[in-house]
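Below are two complexes that have chain A in common, paired first with chain B and then with chain C.
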Partner chain A sequence: MAPSVLVVIQNLSKRFGNAMILQDISFSLHRGDLLAILGRSGSGKTTLLKCLAGLEPPDSGQIVVDGQDVRRLKPQVRGMVYLYQEPLLFPHLNVFENVAFGLRLKKIAEKEVKTQVNALIEQLGLADQAHKAPHQLSGGQKQRASFGRALLVKPRLLLLDEPFASLDVEIRAQMQTLFLNLAKTYHTSTLLVTHDLKEALIMGKRFGLMQNGSLKLYETPQAFIQDEQTGVLREMAFWQGQG
Partner chain B sequence: MRILNKLVFGGLVGLGLLPLGLLTVWALGEGWHFPHLWPKRWSSTAFLQIFSGKMGESLWLSTWISTCVAVFATAFGYITGHFVSHHPLKKWLLRLAYLPFVSSPVILATCLLFLFIKIQLVGTILGVILAQWMFAFSFAIVFFVPFWSPQMKAIEELVYTLGGTALQAMRHVLWPMSIAALRMCFFQTFLISWVQYGITLMVGGGEIQTLPVLVYFYVNEANITFAAMASLVLMLPAFILMTVNRRHVWRD
Partner chain C sequence: MSQFAGRWGAWLFGIGAIFPIVFSVGYALLYSVGWAGVLADGFTFVHWANVWTKNEVLPSVLFSAYVSTTCTVFSWILAASFFVHLHRKWLQSNWGMVWYLPFALPAMVAGFFTFQIFSGGGWLARLAYHFGWITSPQAFPEWVQDPYGIGIVMAHLLTGVPFFLLFFRTLWKDAIVDAYSELSIALGASISQTRWRVQLPILFQRSKGNVLLYFLTVFGAYDIPLMVGSQSPQMISVLTLRKFERFDLADKPEAFIMALLYTAILCAILLIKNVVDENPE
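Up next, the complex of A and B:
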């Protein structure tokens, strides 16, 4: 059975002053999907995510989630967690409390919080760091805790804004694998925006390219690779030349 | 090199403490005339004035006024700083906040005096608090605008997308993260008010005798002993607050 449609975006537009940031963006996302959108800085990727999360109001267009138009809903009730480039752990809370934050907001019983958080922290490989303050963690550990905090609230859609950009190459690769495993375990639907071609290819199930506020979607990964504008072919040619 | 560093450090500490030492000798000594290196007698008369008489009254009045100014300036500055930092006209609003510092406090107080006379606030404690608050409030805005950085905004937005309300974001995240900055702003606005002279004299009309006003009163009277003791009292809380402030800043 084909997965059901989770999000439908239609003709989404956003302008800041005279600058057109988003132009008639339309796409849909299925449950459990991971759509990777590639785009340069200033192409409108972040604005797109912020419009979906309810942090920026779009000028026009529709955002339908589970059949409900969410444009007028506050970010708190949209069920979309927006993760920034930085992990943004709360400095006054330890790792356990950071991960548990979403459950605390929902006033979940203490026993349940402990069970869920400890299980996730174990999966994240942070069991021995649970009582440490964020400043005592490495960049990768911080990002893991940040993912844990987001996944535990079971968002309908996870919005990732270049989440691995601040990590070094080796840690980034580990984090990408870890995230894919977690997303599978938690059946998370994800929209990832990145300027990193390799990251888009590793993470995405479906692909899009954002240029000057317009989004181009690809039917297949092959179509994404074959399109000159994505730069995949240039990259491949470069590495083949190196070989 | 280490000895030289120690000498320089000792010299700087000595220079810093010299006025305090000199004021202490002036405040507690009597009959200190040239060419004597030391006062003839020691007396506690000026010291006892701290607990009773004019100096005691001024001490409590200054403490009361500065506490009010610091509390209200910090509270309003915290909220206004948040508003200004997220406003599209942030640069212009921030320039307005700098205005009281660009123009001299005395000139601004002269301009305000007409208004204060009209609303019958001249010569009242409320008038002095309000006038001092205007400057402390401006300082608090300038202080808090960089505090409400894009990163703080991102943290606030993150709490919203995690399901938190504005109240929950404030209570569980922004407030705990703000305590160090609030404490520092409180100390600094307290000190701004504590040493304020020109505005207090103008708006207070000479009737509101805070410690700085009293120091000048004693100086005009050529009462060196009392002037020195009042100056010591004026300086000591500033030293204490700065020490506490610095310790907390390092800790936080």
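Up next, the complex of A and C:
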């Protein structure tokens, strides 16, 4: 049975002054999907995520989640978690409390919080870091804790804004694999925006390209690769030339 | 060359900063035990014993600690509430610069204003009399030169609240509190939960050093407690100077003992802060 549609975006537009940031963006996302949108800086990727999360109001268009138009809903009840480029662990909380943040808001019983958080921290490989302050962690550890914190609130849609941009190449590769495993375990639906072609290819199940506020979606990964504008062919030609 | 300059710098620092403090503390210590000063009759603990038996110093230290704590807590809470709940955007605009103005107010003037506004013959009392709420200045509540230090606290709030407001103004941007707030909301927190669980704790964590600095400033303040403080108990700075200026020479060693106690309290507080900072867990 095909997975059901989770999010439908129709004709979403946003303007800042005279600059058109988003132009008639339309796409849909299925449950458990991971849509990777590739785009250069300033192409409107972050604004798109912020509009979906409710952190920026769109000028026009519809955002339908589970059949409900969420445009008038406050960010905290949309069930979408927007993760920044930086892990942004709360500096006054240790790793355990950072991961537990969403559960504390829901006033879940202490025993249940401990069970869920400890299990996730174990999965994240942070069991021995649980009581450390954020400034005592490495970049990769911070990012893992940040994912854990987001996944534990079981968002309907996870919005990732270049989440691995600040990590070095090796850690980035580990984090990408870890995230894909976690997303599978927690059945998370994800919208990822990135300027990194390789990252888009590794992470995405479906692909899009954002240019000057317009979004182009691809039916298949092959179509994404074959499109000259994505730069995949140029990249492949370069590496073949090196070989 | 740089080694030479460094050595000279160390000497200058020693002569200009360390030596006066060590000399003053040493002289005060010798004076307090009868080894220096006009009353130097040989080693004795009699002045130290006098200090404790007169029952002035301990109440003064406790009163100073109470006033400084109250001023610090109220200033922080008022500034944080005002900043987080009401006018953050306004404060972050250029209009927020008006909060620098209270710093142009000398402590003596702040004390004078407080006296003019809150004393029995002050503006508020006159208004209360005009509206028929009181029939004489004595009927107006004792808000200045009172035994609870209300006048001192109010005078210090005139500069304490702006001090923390301006600090928060810079801190808010540096600590990217807006980004943390957005994230908190995205994770499901309401505006109120974001204030209590994210914004205020971050402000507190990042302002601890300034909180301590402000506490120590109020603890050692002189002008305001002199103008709007009561005769008893007096804050330690006022009591110390009063003893220095008395005709009775026997009071001088006690003044030195109080200055030593004040220094010891300051050093203890800074030491504790240092230990806590080094062992955050």
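In this text, the second predicted complex is superposed on the first by the 243 of 243 C-alpha atoms of A that agree within 3 Å, B and C clash if a C-alpha of one lies under 4 Å from a C-alpha of the other, contacts with A are read in each partner's own complex, and residues count from 1 in each chain.
Assume contacts are C-beta pairs under 8 Å (C-beta built on N, C-alpha and C of every residue); 3 or more make two chains touch, one makes a residue touch a chain.
All of these numbers come straight from a predicted model, not from anything done at the bench.
With the two structures aligned on chain A, chain B clashes with chain C. Contacts of A:173 after superposition on the shared chain: neither chain B nor chain C is touched. Once the two complexes are overlaid on the shared chain, A:101 sits against chain B and chain C alike.
Of the two partner chains, neither chain B nor chain C is touched by A:64.
When the two structures are aligned on the shared chain, A:131 is found in touch with chain C, with no touch to chain B. When both complexes are overlaid on chain A, the residue A:5 reaches neither chain B nor chain C.
In the superposition on chain A, A:55 makes contact with both chain B and chain C.
The superposed model built on chain A shows that, among 58-66, 94-102, 130-138 or 256-264, the segment of chain C colliding with chain B is 94-102. When both complexes are aligned on chain A by C-alpha atoms, chain A residues 53, 55, 74-77, 80-84, 86, 88, 90-92, 101-102, 104-106, 149-150, 153 touch chain B in the first and chain C in the second. Listing the residues of chain B that touch chain A in their complex gives 151, 154-155, 157-158, 160-165, 168, 172-173, 176-177. On chain A, the positions that touch chain C within their shared complex are 53, 55, 74-77, 80-84, 86, 88, 90-93, 101-102, 104-106, 131, 133, 149-150, 153. Within the complex, the chain C residues that touch chain A are 175-176, 179-180, 182-190, 193, 197-198, 201-202, 204-206, 280-281.
Across the interface of their complex, chain B is touched by residues 53-55, 74-78, 80-84, 86, 88, 90-92, 101-102, 104-106, 149-150, 153, 155, 159 of chain A.
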